[in-house]
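Shared between the two complexes below is chain A, which has chain B as its partner in the first and chain C in the second.
Here is the complex of A and B:
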């Protein structure tokens, strides 16, 4: 799941370089409300998991998102 | 005839129709949830229910023929079944678009086509399409939902003109956010901050299924006998700004 998710996230967020697990996603230059909506919608569509905003607020890295998906699948 | 009668606005509309004295044909996908609706209705023994998927058009056509035989001619149809989502442009695949248009638009038109074969030619009939304020206004991530609901609002006008000579009225109802299973599963309902933002956009607060069902009852009734081709907005003030 990890490498596929990283590829999908790279495309979803229109990143010029591949997303890495240790990246702090809020530091991405194009991180904005649309990027947030895209990520939340994507995880919901792809994995059937809605990430509550409170939980999302505690996430800092891409790995945190991956862990949340794994723990809630 | 009420679609989406197994939950939310469709369920409440079926219940309200029964309390207004109607015999109702309930349509929905889940038989056990249709039974729950039926048990909340007045005189449950006089109504009909069919559990089926509205995208199975041949099955739907056969169901309408059978229902017409048992309960026809028809006087009212409420197209309440539908789906919603929040998806940004980059996730709007062709498959997703097809699925939404088939579920929210094609099913309503096909059922309406079958329904009008058996509408009451003497006293007339009234058809209501459940649209949405999202067919009139925008929100981030609501493009696909807005497209389908806007299609219904547009289609209602031409259908009204086409069916007026047959004494059939056609109208849309556009609700704001109503507290239903569909809205409670939406992304904006998953945390308090987002939900409070949505609430703040509705000056009268979020709606109840009864608020929308009442509008449907009005449009179905003779009290709306000179109303056709319109879109009745029931949104607690969402579009008043």
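Here is the complex of A and C:
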């Protein structure tokens, strides 16, 4: 799942360089409320999981998102 | 569980009115650069909205829509035994606008008239009430009005809400029709999330003060005052994508039907991004899901009936099964499966 997710996230957030697990996604220049909605929508469609906002608020790195999806699949 | 079933009741007349002033979301908001505006507008899919003049109230739009129905010659004023006015932008805090509308429309004093304070779920709730009243033996026609000047509630400087809301009104007639089969409504509430969409000041909990009118900068850079509405867009999105699909599946099951047998799914016109997500999640055929938000924006409780008037007017001449779903401020949610058969549909007017 990891490498596919990283590719998808790179495309979703329109990043110029590939997203890496250790990245702090909130520091991305493209990160804003619209990017957040795109991510929540994408994870729901792809993995059938709606990440609750409280849980998302605690996530800092791309790896945190991956771990959440794995733990809740 | 709030489930309601009816047989032999339906919509027999539909009319709508919008302000003639067209607001271009790309170019007409001076508070945002074209680049910023484009990023938001392309995501929400709301390219134009109609904005009422300062002196135009929701009830003025409603009056124009309702008058059309009576002018058509198909409906008698004397047969209007109830009038439901659904709005969160009334003329006054009291009396209820619906009662004033009874007089303005010259309806008989024997007509029961009242307001319902609901937003985006308000058409489904209002229609359920109208069906319930119309089920009574002595009740002939029920007029259901949905009317909003939502553009006056929100700050045009707010990133979350400044591009979304438009103004409109619809007037529907609900009456007995023995050729119609059963309708099913399912209504839900989640008041714990009441603060997700709210105008904090100006009521009796937080009376207006000098400070409540000051527009304050928000963490995302936008501005609104406590008198204006605000929306926690991410919270609402989470609510909608978890609760609405469930509500729709439950309602289909309660109606003992399936999505393939539904001719049109008419959703509250929230924003394109959210509605498209619902379509994909529910695996619906896009051609069965009409939209009008690109032209009129999010018009709160008016958005479902406005979509019916503007997009389905020529498609309802044979019996069609509609699934309607409204969701938002409250938070409040309602879905229904209703058969619609050849209602009188008046053309949408601009005033």
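We adopt the following convention: the second predicted complex is superposed on the first by the 73 of 73 C-alpha atoms of A that agree within 3 Å, B and C clash if a C-alpha of one lies under 4 Å from a C-alpha of the other, contacts with A are read in each partner's own complex, and residues count from 1 in each chain.
The definition used in the following text is that a residue touches a chain if its C-beta (ideal position, glycine included) is under 8 Å from a C-beta of that chain, and two chains touch if they have at least 3 such contacts.
Nothing here was measured: the structure is a model prediction, and the numbers come from that model.
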Contacts of A:12 with chain B and chain C, given as first, second, both or neither: first
Partner chain in contact with A:53 - chain B first, chain C second, else both or neither: both
Dominant toucher of chain A (residue count), chain B or chain C: B
Chain B versus chain C as contact partner of A:40, first or second or both or neither: both
Residues of chain A at both interfaces, chain B in one complex, chain C in the other: 33-34, 37, 40-41, 44-45, 50, 52-53
Complex contacts: residues of chain A adjacent to chain C: 32-34, 36-37, 40-41, 44-45, 50, 52-53
Touching residues (chain side chain B, partner chain A) in the complex: 85-88, 90-91, 140-141, 187, 190-191, 193-194
Residue numbers on chain A that touch chain B, as the complex places them: 12, 14, 33-34, 37-38, 40-42, 44-45, 50-54
Touching residues on chain C, where the partner in the complex is chain A: 39-40, 43, 159-160, 220, 233-235, 237-238, 241-242, 273, 277, 280-281
